[in-house]
Each structure stands twice: as C-alpha cells, then as structure tokens.
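Please find the structures below.
In the two complexes below, subunit A is the common chain; its partner is subunit B in one and subunit C in the other.
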Partner chain A sequence: MRLSHFVAVLSSAVLASAGPTSPQDAFHEVLTLQPLPDGKLSVLFEFTTHFSLHKGDGPSQSHHSLTPPTLLLPLEKSNVSELTISFTSGQWNQLRHGESGPPAYEAGGGGGEVRGWLEGGDTDTAWDDVTHAFAGLFCATVGAEHVGESVRTFGDLYPPARQGNNLSHYLVASPHLHLCTENLTPFLSLLPSKGLSGLSALLAHPGNVLGWGFKTEGIDVVMPSKTQQGTWTGWWGGVVDLVPERGGTRGFTLKTIFGTNLPRPFPKAASSTLRLIAPEGGLAVDPAPQKVNKRWVDGRRREVAEWDLFTEDLQDKDFGFWWHEEGPFKHPLHFEPPAVTISRVAADRHASDATFVVNIANNADVDREAVYSEVWPWWVKGWLSEMSVKVNGAAAPDLIHSIDYHPSTPPTPSTTDLHLRLTLPARSTVQLSIPFTKLTLKYDDHVPDAERGREIPASVLTLLDVKGEEERYADKALETGTVDVQRTSRRRVYGPKLLLDVPTPDFSMPYNVIIMSSTVMAVFFGSIQGRIIRRWGWVEASK
Partner chain B sequence: MLFPWVCLLLGLLGLAAATEDRHTNNWAVLVCASRYWFNYRHMANTLAMYRTIKRLGIPDSNIILMLADDVACNARNVFPATVYANKDRHLDLYGDNVEVDYRGYEVTVENFLRLMTGRLSDNVPPNKRLLSDASSNVFVYLTGHGGNEFLKFQDNEEMSAFDIADAVEQMWEKKRYNKLLFMIDTCQANTMYSQFYSPNVIATGSSELGENSLSHHNDMDIGVAVIDSFTHFVLEYIEPLNKTSRNTLQNLFDTYDYDKIHSTAGVSSHLSTTPPSEILITDFFGGVAGVEVEQPATAPEGDVAIGAGWESSEGAFHRQDSARTFRKIATTETAGLPFTPTSSTPIRGILGAAVLVGAAALAFSHSR
Partner chain C sequence: MSVANPAMRGLGDPPTHEPPQPGTSPEIKLTRRKDVDAARVLEQANQPAKWRLLVVVCFPLFFLLAAPYWWYTTSIVRLPLPNERIVALESQRVVTATADAGPRMQVAIALTAQDPPLRTQIWFTVDEAAFPVPPPGKAQFPHNAKVQNVIKLVTDGVDGLVRRDAPEDRGERRWDMEVDAPRAPLRAHILVTDTATNKFPLEPYIAVGDSEDGKVTRGMLVVPVHPDLIGDRNLKQHYKIALINGIHFLFPPHLPGIPTRALAYSPNITLSFVLLNEDAMVGSYVDGWDVEGAIRDHFLPQLSPLSPLFNFSIESQVLYHAPLTIDPDHVNGSWVIDDDGMNVFVSERWSLDSMSSNNPVLRFLLFVPSQLHRPLKLGDSESRASSFLIPQFGSVVILNPPTEQGQGHDDKTAYTLALAALDAPFAQFAAHLRSLLAIAARPSQLHPDPAPGRAALVARGVADPLSVWEMDTVLRTRLAETAAEARKTLAGIVRLVDKIKEMQLGEDVRDKILGAVRRLEGLPAAARARSPLPPSFLLARDALLLANEAFFDPGMMGQLYFPDQHKFAVYTPLFAPVGVSIVVSLLREVKRLKGRRRKAKKEKDQGEGNPKGVVAESESTATSTGVQTRAATRR
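Right after this comes the complex of A and B.
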C-alpha cells in the first residue's frame, strides 16, 4: 500500500517536472482484422505512442514514461529526425490476397529495411552509429556493413513527415534477414505493455505468431520538434490461414487465431480498439460492434466495425466471426486483382547473365504516375542501354519520362540505384526488361553458404498520385464497394525480392591444384635435379 | 640491499594470493559454429546451454550467444519458433524470450576472435561485446564440426587450436578474465584445447584425437538428431542443481563415462592454480557474484541451510541481524562456512602495508 502510494507520488512529480508546455504522453493500440478473399485473414497490431522528451533541469536529465530510453537515446544522440525499421518474412500474394501489400503501409519489401532522415553534418558516422545500435537492439544486422551500401537517392520518394533543416536521407535493405523470436522479444520490450496485458499479450506467443505464412514487424519513429510531439508506431502484421487443414468453414474466433481470449486491458493505454474491416458480402460478429463506419481503406469504400476494448463486459471475452450460412470454404477460381500488382523474375538465366523481367499491372481505369526503383548490389551490372519497355506486348518507350541512374563502383561495396519515372496506362500491364551481368565475386566476397545464391532487395513502385484516406464531406453518400484507387495512404507497392545464383567456384579446386602440383614437384624434383647435375661415368677407386 | 626486494616481492605475492579466487561477475560466450538444418543439434546444444546458465542466474546482458543459422524459424521446422533438445519436446529452448547476439553470416572466426579479445569497432553495441574484466569468470562453449586442432565455422572457414589459444592469452594479458572454462563439443574436441598456455584456464572436451563426438538421439517429427551426447550428459548433470549448489567442476568431470557418451571426454586443468575440485560449478554456470557479508564472531555454524531454497533460509536473515562487525568476505551461499584466512580484510591491510614498506625501502636504497 505504501509502495503504490510512493509510485503515485513519484509519477506525479515526473509529470510536474515535465512542465506545462509538453503534453502528456499517450499510448494507443489497435488490432485490425481483415478477411481476405482466399480464405485467409490479415492481422495487424499497431501500437502508437505520442511522446515528448521530458527534459529535467539540465540537458543530462530525461524522463521516459511510456517510451523506453533504449529506443530514444540512440536516436537523440545521432540527431535522427525520423527512422523506420521493417522486417518482412514470407510472401505477400498480391493477386490472391486482393491487396497490393500488407495493411502496414510503412512495411518495406522482403527482408530487413532501415531508412531514416538525419539532421546536421557528418551524418555518415551518425547513421552508422544509429544502425549499429538498432542492430544490437533488434538482434539483426539491419545496417550496412560498409558505408557505400547505404542508399542516398530515395529522399524524394520518402518525404520527411516533418520539415527540418539540413536533412539527409539514408536507406539500407538487407533482403536476407527474416523474423524470429529474437526480433519479437525486443519489439515487445519497447512497448509499455511489454506483452503482458492489452493487445500486446495476444502477440507474446512466438510459437503462434511466427507460424503465420506472411509476417511483418517494424517501428516508425518521428522524433519531437520544438513545437510538436513525437510519435512512434510499432506494428506487427501477419496472414493467418482460416481454412482448416482438412477443409471446412472459415469462421473464426480470437481464441482460434491467438490461442487466448481477449486479455485484460493495459491500464495506461489511452485507447484500445479492435477493428474489423468487413469483407464484401458482410460478416456476422458476436458481440455486436459499438461503432460501424464507412471508410476509405486502400482505395475502396469499406465498412469498418470497432469495439472499444476498455468496455467492461468485453473483458476476457472471446469474439466470434463467421460467414452466414457458409459451408466448407470453396477456394475461388478468380480473384479481383488490387489496383496495382508487380511481379519480377530473373529470366534467361545463365551462370553469369540474366534479364530482369518486371510486369507492372495497373488494374484501375485511370493512368497512374509512378516511379519504379531498383537497388542492386555492386556485383549486379545492368545493361540500361538494352532496357525495353512494352505495354500489353507492344514496345512503348515513351512511357518512361526520365531515368535517374547511379551506377555502383565495383568492386568496392556500393549499390546501383535506378529510378524510372513512368506512366502506367489504365487497364494494362507494363513490362520492363533489363538485362544484367553478374560480376565475379572474390573468394571472401562470397557469403558462407555461397551455393545458395544471394538475395537482392525488393523493387519498389512509388505512386505519385495518391490522395490519402481522410474522409471528406462528399464521401458520406458513397456506397460500400466504391473504388477510387487514389483514395489510399499506400504510397508504395513492392515487388518481390529475388534470389540470384552467383557464379560460384568449387572452392576445393584451388587446394587440389596446389596439392597436386606440390606432389609432382616433390616426386620428380629429386630425379630431375639428379639428371641435371649428376654425370654418370667410371670412377677410379683409390688404392 | 636484499631486504626491500624481498619485502616488495612478499607483499606482491601476498596481495595476489589475497585477491585470488574472487570473481564478481560471470560472462558466457556460447557459439554454435555450424549452419544448415541437419545441424539442428548444434543449435539445440547451444540453446540448451544458454537456458541452463540463464536459469542459474547469468543475465542475458552477460551472455553472448552466437548462432550460425536459425533453425527455430527455418521453413523445415514443423514446430515454428521452437527448438527442442529432447524428443519428448517437453521444454522449448527458444521460449518467448531469447536474445541472439550474433546470428547467421555474422558468426565468423574473425568476429569470434574479435569478441574474445575486445578488438571491435567503436560503434558495436554493448550486447555484442564481451565486457569482462580481471574479476570475471568466463565460460566459453563451442559446438560444431571439428577435427584435429580445428573447428569449422559455417561452411567455409576454420579456427585452429592455436588461434583460440592466442586469443585467450591476449585476454589474459588484457585482464579480461579471472578464470576461464572452455568447453567444446565437436569431433576430436580435446585437440582444440591442446595449445592453451595461459593461466587459470580449465578446458574440457567431448572426444579425443581420432574420435567422433556422437549425437544422442533423433526426433522423428523434427526429422534430425536433436542433441549431442556430451552436451546432453553435462546438462543432465547440471539440471537438478540450483544456485546454491556446492558441487564442483571435479564432480562434473567425474561423471564422464565412455559407455554413456560413446567418446572419451577429456579435461585439462594443469594451467589452473586452483584444482577443479575447489571450483564450484556455479562459479561458471551461474551468476553468483561475491558479496561481502558480516559474520558474527560466535555464530553457530549449524543453523545455516546450505543448498536449500530461499524459502528455508530465514535463519540466515536472523543471523545477519545479530552482528554488524565487518570481518570476513564470502559469497552469499558460503555464509556460515569456514573461510580461507587469505581473504580477510586485516591480512590484506598488512600485505598492502608490506608493499608500501618494500617500495619505500627500495626507493630509499636507490636514492643513496
């Protein structure tokens, strides 16, 4: 009793010292469920904290109430203004899932990705420091091994959320990374609820959530400025198969998905919400939602049901979701494609050469303006003069308005960045073909499992004409199902990452050659030398 | 002229003896050097060791865990995000809280040797550093595929017995350990510690020259062998122990049995001034730090519950209240046992004074 009293006094003292100018920190959590047309369910946890840097009397003091210092101190020290770290594991199937990408719009392409805006001069060192610090925190090498591997040309495509002076943008993609428990543990430890209560308790079962086919985890931090609070969002998304292994209905409950009922709420949360994006045709739910709104979700007008999880009679409850009068789920033969899809393969494969064939389909009724970007490691040398552009099979070089090309400097660690500004004509597929050569890697440039091949980062299409999902007055009259591809906050659509097989020598051969020639030398050296310097003849024996 | 030298020497020797056998912190470096799914057992060996030392109190911040591959989230693992070291699959070693400090391609000979010797670049975060000091007991565990005086890392490089011996010597010179326990489970493992030449190193391995180190058993659902014999029996011995255990390393070494392990496990303790029979298992496998506690001059020794859990140690709390004189130094667990007189404070004072007197006498004789 005495202890809790003490804690109360202490926290009020902290708040008092923060002063009247800085608003209180606030933590919001949302779990969004969205059934997908192929019998799967998209799950997204979002934990958002609005925070200020509560400085005490001096610059050496800072208080952290909801956001741990392990997250903010390295960012402060390295003058980071914004930072996003994303891990993605598994494949998002654009055609079958019916969406261009996961509902976590900030999630990067396959593997790991870190990007951010840094303030001030000598940002190279600061970037190196901050990526190393987060590599330690997230148990994964998110940063670049060499300075040259950081990409600097994506600033225009990832505009800063907040204007600052002298900002520099950095991006590093590590396509070989994936997600496992050691990445989930630090993620949960950054949250104020620590995976013990609130929605994060649903996430704290690695054996469950890491068994999902597709999953993405990440943080997106915007540091506070003099006038505005900072915000950081941690997300975890995944795709769960609803159809039982031996077939059956796809109805589900929270317990079948997460293995537990709704946990007790996290008392410090300002809001805790369960959100359901209803599929076409509707979904039966129990208990009844407290709010049902029509909203723009990724370019489509949808019905969104919401539950406030602080409501008392919802606590420790299981939520049921099912399709009315649906028997065993029949897998559809045709899917309505999302607004934009990308596929990328390496065709004409040889040991040393191949061709990237990229198909970008615009399934909307309007032309789209976009930038298509590729990042290649130094050992991928593209032949841009050989690049071809086709629309529905016919050559269409005019679609490309400009090319921004930054070649690598082999064999030093560096990247080739390519940005193509192009128009995607309505209801058609643009095909880009870029031949490339794989340069020879030195013995110690190879990764330890060289024969597996090496991944190259996902390509990314940045849409320049999106207008966001905010509601406008005129939207009220629109029916659910209305499509306007520009009413989305998804600015980027990722192509798949690629595994390229690199020309790999048989590493034992040099040793064979050395051993063989040494043997030959050893065996024949004596006899040849004897032939050369000895002379056969009669020697007279001394008497 | 001889007096000041003798005095100085005696003093220094005495101080060295007085500070011996004291460690204030524990560190562990656990390395699984092999990659690929079929080497599941090496990951499981390492993680089982990780779990055990965490259970005995070494915090995650003092454990450097290196795993050359990720079997837990491998697509072939039918039990996602889990690693089991026994076919009963009773205990998930990956659990819901694991910190892998070096993983995948980062597990290289260079990184391992840099970690041991502390030669890392400035911006390497603290959880990837071995921040041990002259009063740290360091436990090094290696597993993978080895041969005569080498251990294979990943599939493309090797660390030789000379490399590790030189790294340990460098650690000693840089005062990075007080005592070091080197344990290795590979084929021909005992050759790997044959080149050590630094003080206070105790080494043990699973198999001698020309012998293979064998796996213990398979799990038919996971589809591969889940643990190696040597590690299995070491852990089996340590599993029932708790933080208050008085068992020594010698007790552990005495359980090595060819008929069970199917290879000749070896021990090398000639470099250590303290025999393994006087070193507790928890000195390396546990996070039991030395704490200075008071001892009543007349405390009866019978009322201390040694080896019992915390719940039965109330007597110890009462005893501490009864006297406030600061006389002896011991670990919390050894409270109530007879002490070696070398570690008592007055003697240290006398020895320190001897050093000062010796140095002064030397200076005096030189100045004349």
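Right after this comes the complex of A and C.
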C-alpha cells in the first residue's frame, strides 16, 4: 500500500460527511451512579447515537458506520417511526430506594415490552415483521402471537416524538420474560464499541451484571425525518448491593462493582462521561470531579458530579466513593417516600374470583393529575360496575373524571384495556378496588405448567402534569434538596406485574377416559356379549 | 317324583328363587323325569336362534357401517401427481444442457437430440475501408462477398479448433456470424480508425458506450485496424486471428458449470461491504471510507447488466472492533496467516449478519489489522497476496496501514480511505464477485475499451462493465442450472411422496408442481424464439421457484409425525379383545347354522324311517371362557 493512498486525519477524527448539509453521526456514552438510601447503588449505562440514514445513489443501498444495520434495516423496511423495547427483571422497591422507578425513564414495567409508532397503511403486517425481527435479534419472543393481542389504545400515553402522517401506535407487553445473557449479548453487538472498549466493556461481564437484583435493558429508536436526525439510545440499568453480606461499609470503587478498572474510551465516541448523583449528606469521591452542577433529577434538586473519561489522567484509574465517617452501614428504619408510589395485589382470592386492590399514594403536597391504565388478557373479566375508589378509607367516586374502557372480544385474540383519568389528592392514598373473574380457558389454551399461573402486565400511572428537568433561569438560586414533584421527566410510574393462578382442569382426564373406556371394553365386552347370546344346553350328569 | 319337591320347578311356572338349605350346595337338582322335555326347556330358556344371530351380527355390522365414517375422518388429502410427465422431463436432460455432467457439459439448448444446437446470432459488419482496394484489372468483389469470406474463414477456424478434441469430449460452436442480421443480439465490427495501434496483432475490444459518429454501439465487439495496416499481405489472416481471439474465448466450446464456490441461483442477493478494524482502541485505525463512490465505480457497472438475472441490494458497515480468533505467526517482522487460519478467519463474534432478509449474502470484508499485528500477510511472510476468497461467503482483502518508525500504541491517527485508496481493494472485490457468481473473467485476449473517457478509469483499475457477450454465457449457464435443479426437485418430491404414505398433498402444492412441470415442458418451445435465452431462463427460474415452494410447503409436513404404527398401537388394545369375542361368536353361529342345515338335510333324506332318530344337536354355550359342552344326543 503506497503511503500516498492514505489521508491521515489527526486526532479526534470525524467521519467525512456524505454531503455538506447533513450533520455527522455522533455516539455518546454515559454511566450514571446514584447511591440509594438503603445501602444499594443504582447504575445506569446509556449509549446514545444521533444518526442520519445514508442511502447512497442507485438501487437499494444502505451505508452504516456508527449505527448497526441489524437495528435500522428492519425499521426502515417496515416504515417504523419510533420503537422502544425494554426488558425488566426484578422489582424496584419504591419506598426503600426512594424513587418512583428506575433512572431509565423509558423502561417498561416488569418483563418484556415493545411499543412503537408505525407509519402508513397496512401496519399490522409491518408490526408483525418488526417484532419478529427483534425477537430474533434479542432471542426473546417480544411480539404478540396474534395481532389482536397488540394493544392499540395507548397512543395518547406515549405521544410520538416525530409527527408523521397516519401514525399508529402498538404496544405488546410480555410479563413472563426475564433478562439473561442472550439478551445482553445482542445488545452489546448493537453498540459500535461492541463491549470491547469504553463503558460497554464494563458491561461485558455477564456473570457480574446479571447477578444484580434488579436489571433493566432496552433500546429506544427514533428514526430520522427529512429535517431532523434520528436518535437511538440503548440503556442498561440495575441495582447493586454495596454492603457485604456480613455487614460492612458502603464505600465502593468501580473495580468492586464491575470487577475491572475503567477501560480506555472508544475512540469514535463524541463524549464518554461518568456521572454521580450525590445522595443527601454528600459523598466523598476520588479523583475529584471535573464538573459539579445542581440539577433537577426526578423532582428533587441534587448535585451531579461529572468526569470526562477522555481525559488523559483518568485512563486506567479506579474511582473510589465513600461516606465520610460512616463505619458499618446501619440500615435506616424510616424512609422518605418518593412522590408517587403504587402497589397492586389480587386480594380476596377464591377459585376463580379475586379483586385487584391498587393503592396509589401521592406523598407530595400538591394534587396530581394522572391516568391509571391496566391491560388485562381476555380471560380476566373485570367488573367495572363494582369498581370502588376510596381515599384514606372514605369513598370518593369523584376522583375519577373519565373511564376509557375497551373490553376484549373473545374468541378473537384481544385484550381488555382500561384507562382511568383521575386526580390524586395531596398527601393521601387512593385505593381502587376492581373485582374480577377469571374465565375458563379451553383445554388447548393452557400453557405448559399451567398450575404455575399466568402473569398479567404491570399497570402504569401516567402523570400528566410533569414539567421536565431542563434548567431554567430561575433554578439557579435553588438549593440542593428542594423538592418540586413536577420538575421531572418521569412521566410514568409502573405498578408491579401480578401472577394470577388460572383455574386448571385435571389435565390427565382425557388420558384417564381413554384408558378407562378401553379397559372396560376389553374386560367386560366379552362377558356382556356372552350373556346376550348365551345358549343353554342340557347337561347329562354322569351316574 | 312328587311335585311337592321344592327343588323341582314346574314346567310352566316362572323360576322362583329359593334360598339354599344350610348344608346343601346351592345347585338345582335336576332329576330326570319322563315328562321333562329337554327341548321345550331349552326352547324357553334360550332366545330364538334368529334373534341370537341378529345380535351376533349387529356388532360387526356396526363396525362395518362406522368404518366409512372413520376412514373419511382419518384419511389425508393426497392428490395425484403427474408422475409420467415428471419422468418424461428427465429425458429432457439428454437434449438440454445440464450443470451436473461434470466439468464438461453439452453446450447448447437443443430441441431434440437430432436438432442442431441453438446458436446465438452475431451480425458482422466491416468498414468499407477495411478491405484493400484491388489493383486495376483485378476482379472487384462486392463488399458483402468479402465479408462472407471473412465469416467463412473465422467459422472454419473455430470449427477446426473444436474438432481437435476427441469426439466424446468435443464441445460445440454456439454462435453463427451473419452478414445481414440487424436484429441479432450480438454485433461484431471491423473498424478502421486512426487511434488503433499500427502494429500487428490487432487488439479487439468490447465497446462500453456508443461512439459519436454512430459507428460503434454499446456492446459491440470491435476490431480496430489502423489505415496503414490495410495494405498488408496477411491482412485477412490477422482479421481471422483477431476475431477468433475475441469470439472463441468469449464463447468457449465447453460451457462452464457452476463451481462449488459460487452461489446457487437465487433471484435476490444482498451484497454486504464491511470495513473491519481489528482494534480501534490500540494505535491507528481506519475511521471511514468512501464506499458509495467505490461501489458506483467498480460494482454498479457489473451489477446493472445482471438485472434480468439477479436483484441486488447493497449494504455496508464499519466495525471498530473485530478481534481475530486465530493467532497469526510472527515471522520475519510480519504476521502471517496460514491456510488453516484463512479457513477460520471470519469469526462469529463479529456479528456481520444484519438479519434483515432471508436473501443469500455475499460479504466483502476489508480488514485493517490492529497496531499489534501489522503488517499482516497471507500465506508466508514474503507473499504479495493480499486477499482470499471464501466459498459461498465472500472474500477478504487485508489492508495494512503504513507504519512509520517510532509510532506505536500512542498513535491515535484515524485514517479515512478516499476513493483512490479503495480502487485496488474494490477491483479485487469486483473480480471476486464475478467468481462467486460463476461469471467467467474477461478473457485476456480482449483489451479494455480505448475510448478517451475511459482512460482514467482504466488507469485506476476499474474493469469494463459486463457485456452482452458475457451475459449470453451467464444466461446459458444459469438456465441449465435452474432447469436441472427444478427437475431434480420435482423428482425428489415424487420420491418423497411415494415413500412417506402419510404425507398429504393438498391442492395448492399440487398446483405448484403442475405449474413447474408446465414451465419445464415449455422450454423447448421457448428455445425456438428469436432471442431464446431470456424467456427460457424466466421459464426455468419460475419452475425452480415453484418446485422449491412445493417441496418446502409446510402443509406437506402435517401428518408426518403420526405414522401408522402409532395409529395401530392406539387401536389395538381397544379393538383386539372386542374383536376376538365378536369373531369367535360369529364363527360359532356359522358353525351352528351349518350344523342345522346338515341336520335338516339328513332329516329330509331319512324321512320318517329312522328308528333311532338320532338327533345330533350340537350345543354350545358361548361364554367368555369359551367352554364348550359336548354335544348331547337324545334318544
């Protein structure tokens, strides 16, 4: 290779753009650490790529550098405008962790969830194609078996980021899915750093990462429009125990959590940042952060420390975090509740009846406007006429402003969707009780191991009065610790998914019937027939 | 015996049950009385014979009546296949070129074994000035006669070359040159031009574009001759040599088959270009490349002529981490990958697959080794080879960035590959593409087009686009391949359906098979058309698609896992005990009927005269244990 053939571009290289007007693709990675009040640490990796589609001239070409073709080609083919896939495993304990949900705001409820906006006419087949393509990519059946099982009524709760023409919203929740290595490996292969450099190298230890108690993984893709670039974000979050089993201090380093030092950054990354959201009472860190800002994070003003990982002296260093003058960690007995908590149980269980009892606690000083939504499979028949709403024990039916109810239509595969527009009064707990009956499933509809029961998707409370976390001029004067529950970007708070046991028949009955009838026939047919056609004869007794 | 005997029941009384006396066994003591008439007792105790027969016959009758319903509900749809027509297609193999007759094949499509093989027409023209003017006094031949003369020379020359092979290995000449055939698909021309070389031998070429004066059209085989050469004594020989060099090597007498390294035919193919950095984190790496320009210059001219055959979709990506799973040896200051290493070079972990469609993919990988493995060589440390082909997968070109002394891991240079840097790798990729699609390389006897606009491209190594001459061979090869595959698949279906009796054959599958058979049968008729190759190819391709769809139809698998053995294993424990009873009772009834008939006949024969009045009455009580009593005779 002759030297003259190479064009050397010196450091902090930038991809030569296809044309002077289209902005370049850029890849950013952020690791956010947030210590929680109960001695645990919330970890969130976010990998964001801003991209445009490079189509080339000539027939059906598609060129990628920082973006993976595995992700974008199926979306292009099926005319998808936005898509979000999330897997969540474990439960986020709202009270003890002090937040209403994990720091990844786009993560869904328990299990797997895929939702998206599709453009154009025949979106049912396109949705089927997309979910099958990503089911293949993530090795998890995220799609619905029948297109009727996709929920269509959540469009208002997940408004599109791009206005297109003729958009249709689809949502499929698969609460039975878990998160495992087969979901982590394709996630890493979608990143340009492939789990070998930069922050993704911290994530590339499945033995470590999949041992966390709560984990969530997901991608959120917004396809480019004619005027704007597209964005795709991949996130991986979890909750790590900081305190050893036999007790000890909470202090930690990156090496103790991830098992390895900080790797060298990915050279093509436009930015690579480590962020720490300091807890109440502060935290000691080494090395010192390069930037410390006050930010609104989920309704509370906090201090956020940042390190730019491209800095030369931070390479291969271990970061240490510890609490001043705190010896062995003492688990607090009281926790300050977050703004909104939800709990949901199935109470009063009988053989095929029960009652959903949902407790939504608004711990703030202001009333909240919200929409509470549930998705039930067709065999859960809720008795909405018997629904009752109570606030702190007293009946309060006025809290519900409107009900949007879409019952299922068996025998076609379908779901029941319920949206309640309600007001949550300040400093009170709203209790919703909805009795329901479990309908009989046909013999063939039962899944293997039917006695385990079946999960129903997590319920979601969408807060309508959130104002976002962007800094405003007036915020500069506010101190850390100020609480304003509406200054958050978290629009949705998820209740837990539930395991309902389905009344099961005795599955051995057909076998018993066949065996029994065959035996009866075999044993008794002969004697019965004999009795019918017996001929009596005269027997001479010999003298 | 007194009537008062409680053990004796009167004849006309209904049987009463008396509890047995203690100490006695509970059996009825039947003592013989003169007036006890066994026959009358039996007649009353037994049901009439006709009833018994009816009851016995009811059971098998029920089975007989239910059998059609059972047959109807358990039978599978198996429509008949056109077996004879499929077998007749096999004999088509004799007259149609096949791909699986080894490295040598029969050459052309013939209608029957007796017809001459089908030839592509070439319209041959010569400039007026290309023939020397005869001196005055010599005969002046018309231009067409001279052209015909040249044609005869060339044709005889090629026939001679073909005849050199032994008769069983002999190929065929599959073209004909005509003087006046304006609608022929191919054109050849001898052009007098100043730009040609003024030395022999002549340099024939295939024109890429039309010339301004209209004499040269796209795809024409041009033999340029300088005006100074016209007076040469051996001009005609040189024309013959130039034309034979051009045509004979473009149309070799033996049609090449599809080698195993090439892809089997599929109408949609994806081409994937990947720039792989082994490790972008360590040292310098390549950050981007002008792949769109390289594809436009090197690949699109080769791909557009193939549009009747293949539908290409192109994608490209850049990988920044592609670690090698093999350890190259460090020899003489360079890193060497040997043959075994090349076999396993492409690693699964690179996740090259984009999974966007089910098309076969050809991948062209441009591999930039990391700082630790530079320079990377193939084969041995002195070799100059920089690429290798992976059969049915694609090819790899190794690109070693320049290494300057004193730069190592700290060198963070990010190179961008401009179009000039990509010329050599993409020229290799284009050649590999032809090899992977079973398209023969342009023979070396043909020179690149000397048109002025192409000089820059030729200097860069950009190959001439695919010409109609090469398309002729490609169409023939693919036609033979698809027709042979379709026939093989149809024969396979017939064998499969024959072997697995439980396989069902629905209407849509049968329609697809019929469609494929019909198209294959239409091949000889299509071969008679003026330009027979494209429509024949379409027929063969559609036949192959239909045959594959029929073979892999999911409906054919429906009953496959419920073989007859299972069916009988379920039925036998239910019906065997039942069946035994029914059959045995039937047999006994038949025997008894026969016995009665014999008795009746005997009575008739003997009339009234038999003193003994032997009455043979075979009696039997049919019980489930099958105990028979002996026949009792009565005097």
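FYI, the second predicted complex is superposed on the first by the 516 of 543 C-alpha atoms of A that agree within 3 Å, B and C clash if a C-alpha of one lies under 4 Å from a C-alpha of the other, contacts with A are read in each partner's own complex, and residues count from 1 in each chain.
By definition in this document, a contact is a pair of C-beta atoms (placed from the backbone, for glycine too) under 8 Å apart; a residue touches a chain by one contact, two chains touch by 3 or more.
Predicted model only: the values in this text are computed from it and were never measured.
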Exercise. Mind working out whether A:Pro69 is in touch with subunit B, subunit C, both or neither, as first, second, both or neither?
Key: second
* Touching A:Ala204 in the superposition: subunit B (first), subunit C (second), both, neither? -> first
Ask   = Looking at the overlay, does A:Pro192 come into contact with subunit B only (first), subunit C only (second), both, or neither?
value = second
- What is the contact status of A:Cys180 with respect to subunit B (first) and subunit C (second): first, second, both, or neither? first
Return first, second, both or neither, reflecting whether A:Leu137 touches subunit B, subunit C, both chains, or no partner chain.
both
Subject >> Which of subunit B and subunit C A:Asp129 touches, first, second, both or neither >> reply: first
Of subunit B and subunit C, the partner touching more residues of subunit A is C
Quiz item: So, A:Thr440: does it touch subunit B (first), subunit C (second), both, or neither?
Solution: neither
Check: subunit A residues flagged as touching subunit B and also subunit C 133, 136-137, 186
Subunit C contacts subunit A in the complex at 30, 38, 41-42, 45-47, 52, 55-56, 59, 279-281, 285, 287-288, 290-292, 295-296, 300, 312-321, 323, 351, 353-357, 399-402, 412-418, 420-421, 573-574, 576-578, 580-582, 585, 619-624, 629, 632
In their shared complex, subunit C is touched by residues of subunit A numbered 1, 3, 5-11, 13, 15-16, 18, 54, 56-66, 68-70, 73-74, 77, 133, 136-137, 186, 189, 192-194, 196-197, 264, 266-268, 517-518, 521-523, 525-527, 529-530, 532-541
Subunit A contacts subunit B in the complex at 89, 128-129, 132-133, 135-137, 139-141, 176, 178-182, 184-186, 195, 204-207, 210-211, 446-450, 507
As the complex stands, subunit B meets subunit A at residues 35-36, 68, 70, 72-73, 79-82, 92, 94-101, 103-106, 108, 123-128, 153-157
